[in-house]
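After this come two complexes, each holding chain A, first together with chain B and then together with chain C.
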Partner chain A sequence: MEPNGIWVYAITERVDLTPVAQIRGVGGRQVRTVAAAGLTAVVEDVGLAEFGEEALRRNLEDLNWLEATARAHHEVIDAVAQQGPLVPMRLATVYSGDAPIATMLTERGADFRSALRRIRGRVEWGVKAYADRQPEASGDSAVTAGASRPGSGAGAAYLQRRRNQLTAQKNARRETLASADIIHAELSRYAAETRVHTPQAPQLTGIKAPMILNAAYLLDSARGEDFAAAVAALADQHPGLRLELTGPWPPYSFAGTGGEGGLT
Partner chain B sequence: MTTARMMQPGAEAAQAYGSSLGGGQTANLGDILERVLDKGLVIAGDIQVNLLDIELLTIKLRLVIASLDTAREVGIDWWERDPWLSAKAFDRAADGRDLERENQQLRERVKELESGRSNREIPRTGRKSRGT
Partner chain C sequence: MSSQHEEEPVLVPTSVTPPRQSRRPAIHTERIALVDLLDRVLAGGVVVSGEVTLAIADVDMVRVSLRALVTSASALTRGANDGEEVPGR
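Entry: the complex of A and B
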């Protein structure tokens, strides 16, 4: 296969490829670098039969392919991130040659450098909160008295019960969302920057309980333990929620260079 | 009214990530997809792959997310408020491209998604039996 595309993983200052040598990238090759303007792009040569525009359109719809590719992309970025700050690229950033990559590094050099400064010495942690409650059960205990009320038939009792149930559910919802806000506010105190992501679908998480918070925190590397302790304490304070901590991640959620807008 | 099932977040973190320092295999696929598809830096221009394809894929994942009854149950509308999906983001994604085609593809995807969960509460227009 004749590779004529170049897959870009991340932009960093410099990288030692030795620890990355045994990792195979998305196309099964070793990664290499393209350097310009004091910056280094970590890249892999990929064949356009698999990674060209047409092929990608097909392949991205194939969940098995997508999973393998996403994991390979992440694995390289993760390994390189152990060495220093990097700006991770979105999946499927494919260039036609080294020269345009060098041009990109040169033209956007100032942006990249400021992003790398922002990220240096920091890692991303993810916190998700699931509402671990059973809506069906809620409200039941509060109602069973319905039938004893004089003159109310089974229908009225049902309606009353239903109304109480709905009220209880609404209150539970409000409480749950308020807890998520409190947790996020508390955890934000540890972070240099935060991002709130869309909650993930159960199809993706494999967990039935609805996700009500999905946030990312950019922390100084040394604060990881404090942060984990804070998450544990918050889990104790909010027994209706299940908290999940993941990390440290490469700073995917904070890859935008300079403020919210990013580079695009 | 609430169940108190809890995790030890510290232990979870160690499990979810600790062993991934050299591998990444144990990290949750949803987390990885979310990050590599949606969060990494996007560079427009001079690349081989039409960005639109990726945008559409992430939109699709988001539609799956947004279509969940459970999420709606707790009143989540972050999806709608997400600046990424705001009109501006759409404009940016479609900049210089065929908006018509994008819309068409989106509509198809929405239809696909909806047909996949037809037993849910999607309002369906009553199907008229046509004539005799």
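Entry: the complex of A and C
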């Protein structure tokens, strides 16, 4: 397979490739660099049979390929990020040669430098909140209460119970959504920037409880422990929610100049 | 926010342990869950005009890949994390 494509991982100011020499990238090769305009692109030569436009369309729908590629992409970015600020590229950014990459670095140089300034010394943390089994719990208790009073009669009692149950569920839902807002507001105080992602679907998380918050926070690296403590405290204050903290991540969610993740 | 010292970021994608004992939050110390990773590498990162993949960026990668995810949701769930049953209390 002859590489005709160049996969771009990230843009940084400079990078020492020695620590990442043993990492194999998305195509199984070592990463290298393309430099221009005082910036460095971390790249890998990839074959178009696997990484060309048509192949990518197909491969991106193959979960095994997608997972392996996403993990390899992340591994390189994560290793390089340990050396200093970087702007991660979205998965599957493939160029046809070094020259167009150099052109891109030159044309976008001001944007990249501004993004690198925002990111320097900072990392991304993720917080997800799930409404932890509340509706089921109230449903169960209502059913149990009903069963414990046999003969209390008729449809009316059932309907009343059912109404109460639905009201309780609705209130619980409103409360959990309000809690999500409170949590996000509180955690935002620690962050230089925040970004709210779409909640993940239960079939993807494997957790039945609905996700009500999926947010990313760009923090000064030194604030990680304070932030984790704040998350733990909030979890204690909101027993109806399950909170998950992930990170620190390279600043994937904050790579754009506008804080919305895109330069384009 | 207060500006801290300009330390180089420590970017090992495992998680810190919360300083006090709490039943929550659940913190992933093992492999990164694929859903969390895809949130970032597909929806985050910078989009530039890639010579080869410009057309794919137009297609909206997130949607393309979501199809792969949903059709393989069970496989993904197994690989995601074992967070399914951390008994709450």
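The working rule: the second predicted complex is superposed on the first by the 241 of 264 C-alpha atoms of A that agree within 3 Å, B and C clash if a C-alpha of one lies under 4 Å from a C-alpha of the other, contacts with A are read in each partner's own complex, and residues count from 1 in each chain.
In this text, a residue touches a chain if its C-beta (ideal position, glycine included) is under 8 Å from a C-beta of that chain, and two chains touch if they have at least 3 such contacts.
Bear in mind that the values here come from a model prediction, so they are computed numbers and not experimental data.
Using the superposition on chain A, tell me whether chain B and chain C clash or fit.
Clash.
Now for A:E67: first (chain B), second (chain C), both, or neither, which partner does it touch?
both
Looking at the overlay, what does A:P210 touch: chain B (first), chain C (second), both, or neither?
Touch partner of A:P210: chain B, not chain C.
Of the partners chain B and chain C, which touch A:R57 in the superposed model: first, second, both, neither?
After superposition on chain A, A:R57 lies in contact with both partners, chain B and chain C.
Would you check which partner chain A:T246 touches, where first means chain B only, second means chain C only, and both and neither mean what they say?
In the superposition, A:T246 touches chain B and chain C alike.
Based on the superposed arrangement, let me know which partner A:G28 touches: chain B (first), chain C (second), both, or neither?
neither
Touch test for A:A222: chain B only (first), chain C only (second), both, or neither?
second
Looking at the overlay, what does A:Q83 touch: chain B (first), chain C (second), both, or neither?
second
Check the residue A:P100 against both partner chains and state whether it touches chain B (first), chain C (second), both, or neither.
Both partners.
Where does A:R173 make contact in the superposed view: on chain B (first), on chain C (second), on both, or on neither?
first
Shared contact residues on chain A, chain B side and chain C side combined as an intersection?
5, 11, 48, 51-53, 56-57, 60-61, 66-67, 70-71, 73-74, 78, 82, 87-96, 100, 104, 108, 126, 132-133, 197-198, 200-201, 203-206, 216, 228-229, 231-232, 235-236, 239, 242-249, 252-253, 255-256, 262-264
Flag every residue of chain A that touches chain C in the complex, lowest number first.
5, 8, 11, 48, 51-53, 56-57, 60-63, 66-67, 70-71, 73-74, 78, 81-85, 87-97, 100, 104, 108, 115, 120-124, 126-127, 132-133, 189-192, 197-198, 200-201, 203-207, 214, 216, 220-225, 228-229, 231-232, 235-236, 239, 242-250, 252-256, 261-264
Considering the complex alone, what residue numbers of chain C touch chain A?
1, 3-13, 15-20, 22-28, 32-53, 55-57, 59, 61, 64-65, 67-73, 75-81, 83-84, 86, 88-89
What part of chain B is in contact with chain A in the complex they form?
By the definition above, chain B touches chain A via 1-10, 12-13, 16-17, 20-25, 27-44, 46-50, 53-54, 57, 61-62, 64-66, 68, 70-71, 73-76, 78-79, 82-83, 92.
Show me the residue ranges of chain A that touch chain B in the complex, using the header's touch definition.
For chain A paired with chain B, touching residues are 5, 11, 48, 51-53, 56-57, 60-61, 66-67, 70-71, 73-75, 78-79, 82, 87-96, 100, 103-104, 108, 125-126, 131-135, 137-139, 141, 168, 172-173, 176-177, 196-206, 208-212, 216, 228-229, 231-232, 235-236, 239-240, 242-249, 252-253, 255-257, 260, 262-264.
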